[in-house]
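Each structure below is given as structure tokens.
Each of the next two complexes has chain A plus one more chain, namely chain B in the first and chain C in the second.
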Partner chain A sequence: MKMKTLAAMALAGTMAAAPAMAELVIPDLSYRTGPYAAGGTPFSDGYQDYFNLLNARDGGIGGEPVRIVECETGYNTEKGVECYESTKGEGALIYQPLSTGITYQLIPKATADNIPIHTMGYGRTSAANGEVFNWVFNYPANYWDAASVMVNYLLEENGGDLGGKKIALVYHNSAYGKEPIRTLESLSAQHGFTLSQLAVDHPGQEQKSQWLQIRRERPDYVLMWGWGVMNQVAVQEAANINFPMENFIGNWWAGAEHDVTPAGAAANGYKSLNMNRVDADLPVFAEIKTLVHDAGNAAGDGSNLGSVLYTRGMYAAMLAAEAIAKAQEIHGVSAITPAQLRDGMEALEITEARMAELGMAKIGPEFSVSCQDHGGTGLGIVQQWDAGAGKWVALTDYIAPDNAVTDPLVKEDSMAFASENNIEPGCL
Partner chain B sequence: MSADFLYGIEVIINGLMAGVLYALVALGFVLIFKASGIFNYAQGVMALFAALTLVGIMEGQVPFSHLINAIFGTEVHHFGWEVPALLAIAFTVLIMIGFAWAVQHFVFRHLVGQEPIILFMATIGLAYFLEGVGDLMWGSDIKTLALGLPQGGSLVVEEWTAGLGGDDFYGFFIDKLDMIATIVAILLVASLIIFAQYTKQGRAMRAVADDHQAALSVGISLNFIWVLVWSLAGIVALVAGVMWGAKSGVQFSLSLIALKALPVLMLGGFTSIPGAIVGGLIIGVGEKLFEYTIGAPYLGGATENWFAYMLALIFLVFRPQGLFGEKIIERV
Partner chain C sequence: MLYREAGDFKTSYHADNQTFPIKFDRIGFWITMAIAFLVIPFVINDYWANAIFVPFLIYAIAAIGLNILTGYCGQVSLGTGGFMAVGAYACYKLMTAFPDVSIVIHIILAGGITAAVGAAFGLPSLRIKGFYLAVATLAAQFFLVWLFNKVAWFYNYSASGQINAPERFVAGVAVTGPNTAPWAQYMICLVFLTVCALIARNLTRGTVGRSWMAIRDMDIAAEIIGVNPLKAKLTAFAVSSFFVGISGALFFSVYLGAVEVGEAFGIQKSFLVLFMIIIGGLGSIFGCFAGAAFLVLLPVALKVLGVDVLGWPTDLVAHLNLVIVGALIMFFLIKEPHGLAQLWRLAKEKLRLWPFPY
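Moving on, here comes the complex of A and B:
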């Protein structure tokens, strides 16, 4: 009798679990612990909260609930690969590793497993060539776009002429930090500015030598490719040597609130790029607050809502959700596969009307993706830290990169990758 | 004088200041190793934990608030008060003493007589445990250390020295925070020496460091002495955490400052307080001078981390016990 009861319960359990097979599984390779947690936590909160909002408000996407599988990487490449291996079997649809190091390791694996990767504004820049990197997407912008947008902004500041100017690049001494060097070298040759490169070793807690060098060489501008503690220390050291903060520009991974708050008022005027607009009054945040946070389903403690990296994580989730909806539309099924999602990503079109409809008007630029172009438009804005108000203020509208410079670099690098890996470029 | 020469002097001065900060971390290692033979892998995490605790107390943060809220569905984060810095430092010291007692009571008391590698492994476990507890207690966000410590280059020094060179020399840059760190380090080392030389507990600590068995035979409690040295290491960790945390905000990368102490220990020896200081200064000056003269101009920069270890290795080859370490003579 007992056995029968148990068997009936097991059957009931299986039946109850059956709909779970049709869930849309989204792994979140987060890092809420370790030296880079301050950046990883808000991004992950935003990423998860948006999917939680879709579950609460719309019952998921196209009628299918989203199930988030979180795995802690600690921003450690080996752990990131372990997370990938341990979650892909759950029916993972898409990966957003939030680490260039992890991305480089996952590119061959995900390609072999036919699972798309979205590396939004990070990862391997030449993955923008969709004919070589069929399964990797880095829209709406990549590192080389960022470098070009920075230079275009400086051109605008200097009446279109950077000839004779001295620009220093302070970069994290890693694959990530070295990404913009090629583009900046090309732009340096094109526009006649002198580029000096200052590497900072992981984690970047000690940067005295680099900033003494900057003090000696007196560059007109300092650009930064930093992450983690490197950002906070760099902002403090720049203030220490009285470097004009308005001439110090970080990339979009060096422009969050926590990058500047430790330096207090001294950080006032520091600038950074952003690939998305920051606006705490976006209607979507009110919805998240009501339907997710107040309902007790927040991914974190709710304190990051509306911050730079929370907004970016939410933006990343929105782009994934829109691609899922597009894939459902293309294939006429709600329970899509990773390969079908890839088709949705290649057909993705983000318009101002759609962003407004989603309660996040102008959060990012309009762009569309194609088989050939997985990189989007590459637009970025320049924002400035207002220490008094304690917030980032957008200084510009979206600035376009110089595609004449970045496109050939993308082509060259991706074709070299294709040649090394015996890839025949083409659409799937 | 040429600007290059003057900037070389500036690099040496700043190297000395950086060396003081490295020495502050190395001191904690030396204290524990000298008294108990344990290489405390957790020293860097202790610096992080102490600084996190200090900020948490100052800001009136409820410890373990995320855990409490998750279990009980509450929304508590702050007590609603702020604690003055000095009082918060006193509370933090008490917590570090409590931590020292707990470490001795729950871990090392049970490992007496074990091989050094076992004790080392225990400190690795302790490091990760403490990092996790710190995260649970105070959260992983970056905290601003509002102790009012001065930051930025000293304008007085800059203006006084600007005339030493030509137009391309802008005066010496010396960070005010580094000056404070140097003064604090001097006071700390002087206090430690006075404590070790002129107090009963200090003499007992030295006796244990010299010979455990002999110290036991004259009635010195090893348990007490080990709690004492872990407490002192905790206080040193607090000072190091404050000085490093003032630069970057208090965040989890602080635990990695231990990496800066290792070459200092290799060079200065694991058992000498003066060794930690002199080792720190040599490493600080050596790595900065190498970066200035060779690393940045010829090797693409970022040489400081590996050069510090290479310098320490060279010293190790010629003097394995370190500059001030005790020479090991084993007679058969």
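Moving on, here comes the complex of A and C:
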């Protein structure tokens, strides 16, 4: 009798678990606490809201509902690993940790587990070489592209000549902040500008000495690789020393509304890169508003709709959803596996027409992914903060990076990784 | 009833001085060891290894190290994170410079290098005490983190400043790198922890440990009865740093696999290990285990309860975790300064008299 009951319970258990297998499980390694929460929260809101929109509007992707598993990492690598291990078992399809540190942890683990990672505009730059990093994608752009786009923009501003100029790099003293240094060094040799490096330690609230040094050295331009509370402090400090804001350019993780609003009018004119366009009037936002927020399914408090990082989180979710659709098309099944999703990501093609169809026209550049190139086009725009209107204004169209500089660096770094880890470069 | 010493006769000096004088404790110890070595490795999976067991075992080693210094010798240290970083970077440099030498030897050597660094930073303890020493060790913490960030040689000039553990084997089984089986990760940490705990337990019972405790209880009196403070303090720093270095090496190579010094070995790590020994119990080896288990399990347990069972938002649970840890530390400092180990000791006293307490 007892055995029978147990067997019945076990059977009921498997039956209850069975429908769960048919979902598309998307883990969201978010951070809504700690010094980086200001950036992590809107990104995660956008990421989740888009999948919720797909569930509400289309019943998921290809008929399969999406289930989001959120896990708080606090931008901490140990918690990131714990989150990875705890969500992996649920059948996670793709990881987007929004942290370069956690990405470095996950690259070997996810490669061993055959789960793709998408690190959009962050993570390990040389993962753009898809023959070495089969499971890691960083389209549409990476840090070395960003560094090159910045220099190209400055070249354009200065009539093609940066000779004798002084450029300072203020960077977060971590893997994230150190990534662009190699590119900027080789660009400095090529274009003849002097590069000075100023490291800011985690979490970045203490920057007085760095900005004092900038005041003393008077560089022509300051570039910044900042994130979280570091950005707000840097903008405020730049204002304090009366550094001309139009010569202060952040990368795409240092250019959101919450980075500049604390400094008020003093932040007017601050520039930053962006890899996606910001347009609060995109039709997709109206759909999210009615189908997700008004239905009470908003991921956060719903206040971030249309902001820079919300848009980027939604863009990341869109790229993942498109890759899932592509994988379903390639393999002819709707309940795909992580390995099948990887094939979809490798065959991903984003066109103007498709973006317009999704209600987010011109949100990003057109690009396609291939086995050799997991990095996309690397295009970026320069945007400027208008403190009076309280919004970011795009100054340029998409600027291309100098691939002649970044490609050899990607090759070199990825090959070093391949030889360290005994990887035979090749397509899967 | 169960837990009593009546009838447990000791007929030799050796038997009287064994680690667990009460038979029930001895049986409990061997059962725990049997489960740890013979059962868990066969049932462990990735999640249990990476979320609970491996961090617990590694933090327990770090807690033993700090407890020797702070709990047994009375020297407050806030440099644990920095010393763990020394262990991690020493292990990384050794692993990459001598790839053919066994990782076990590298980890032990990393402990040795950390011991030398720790003893050097322990020198100020001969002149300063208490808060002032805490500040000096804090300086060690910041200096070491800065050093590993600044000097590219330590991270082999990698672009990102990260160090990555290459794949290494013990007896043909991978123990570092992405293809490590969870049981292999668990076993290497367990073996190191068992050996470290045995060494620590026996050190603290012998001459060295007694001289540490004499210094802790009253350094002037200790000096008068013939304890050499130079030797006692520096050995405490060296032995403590040795264990901390081993835990740092394991933390980097076996547990995380890739490490960024400011993030993984920052000041918060020093505080975390300090909280472990405060909550676990200063001056107790059991306390190291209890404190490490408590602070590793608490966030995981809260997450499972809050997010998975109750469906609360993740940020609320993360904040709640901070609140609870803070409240517990205050509670233990006020109500039970000797920590969980003292609660365990009291429970044992009660058990001896049960069911007729007086």
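In this text, the second predicted complex is superposed on the first by the 410 of 428 C-alpha atoms of A that agree within 3 Å, B and C clash if a C-alpha of one lies under 4 Å from a C-alpha of the other, contacts with A are read in each partner's own complex, and residues count from 1 in each chain.
The rule is short, and it goes like this: contacts are C-beta pairs under 8 Å (C-beta built on N, C-alpha and C of every residue); 3 or more make two chains touch, one makes a residue touch a chain.
Just so it is clear, the model here is predicted, and its values are computed rather than measured.
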Exercise. Give one word, clash or fit, describing how chain B and chain C relate on chain A after superposing.
Key: clash
Quiz item: Of the partners chain B and chain C, which touch A:301 in the superposed model: first, second, both, neither?
Solution: first
Quiz item: Counting only touches as set out at the top, which of chain B and chain C does A:242 meet: first, second, both, neither?
Solution: first
Self-check item: Which of chain B and chain C A:266 touches, first, second, both or neither
Solution: first
Quiz item: Is A:178 contacted by the first partner chain B, the second partner chain C, both or neither?
Solution: second
Quiz item: Does chain B (first) or chain C (second) touch A:215, or do both, or does neither?
Solution: first
Quiz prompt | Which of chain B and chain C A:201 touches, first, second, both or neither | solution = both
Exercise. Considering only the touch criterion stated at the top, classify A:413 as touching first (chain B), second (chain C), both, or neither.
Key: second
Self-check item: Touched partner set for A:233, first chain B, second chain C, both or neither
Solution: first
Quiz item: Is A:258 touching the first partner chain B, the second partner chain C, both, or neither of them?
Solution: first
Self-check item: Footprint overlap on chain A, comparing chain B with chain C
Solution: 32-33, 37, 41, 173, 199, 201
Exercise. Provide the residue numbers of chain C that touch chain A in the complex, in ascending order.
Key: 46-47, 50-51, 55, 149, 159-162, 164, 166-167, 177-179, 255-260, 262-264, 266, 299-300, 303, 307, 313-315, 317-319
Exercise. Write out the stretch or stretches of chain B touching chain A in their complex.
Key: 3, 7, 10-11, 14, 18, 66, 69, 73, 77, 131-132, 135, 139-142, 144-145, 151-153, 170, 173, 175, 244, 247-249, 251-257, 260, 288, 291-292, 295-296, 300-302, 304-305
Practice problem: Spell out the part of chain A that touches chain C in their complex, as residue ranges. | Solution: 30, 32-33, 37, 41, 70-72, 74, 76-79, 81-82, 85-86, 88-89, 100-101, 104-105, 107-109, 111-112, 124-126, 173-175, 178-179, 181-182, 199, 201-202, 413, 420-422
Self-check item: Residue numbers on chain A that touch chain B, as the complex places them
Solution: 32-38, 41, 173, 197-201, 203-206, 208-210, 212-213, 215-216, 228-229, 232-233, 236, 239-242, 258, 261-262, 264, 266, 296, 301, 303
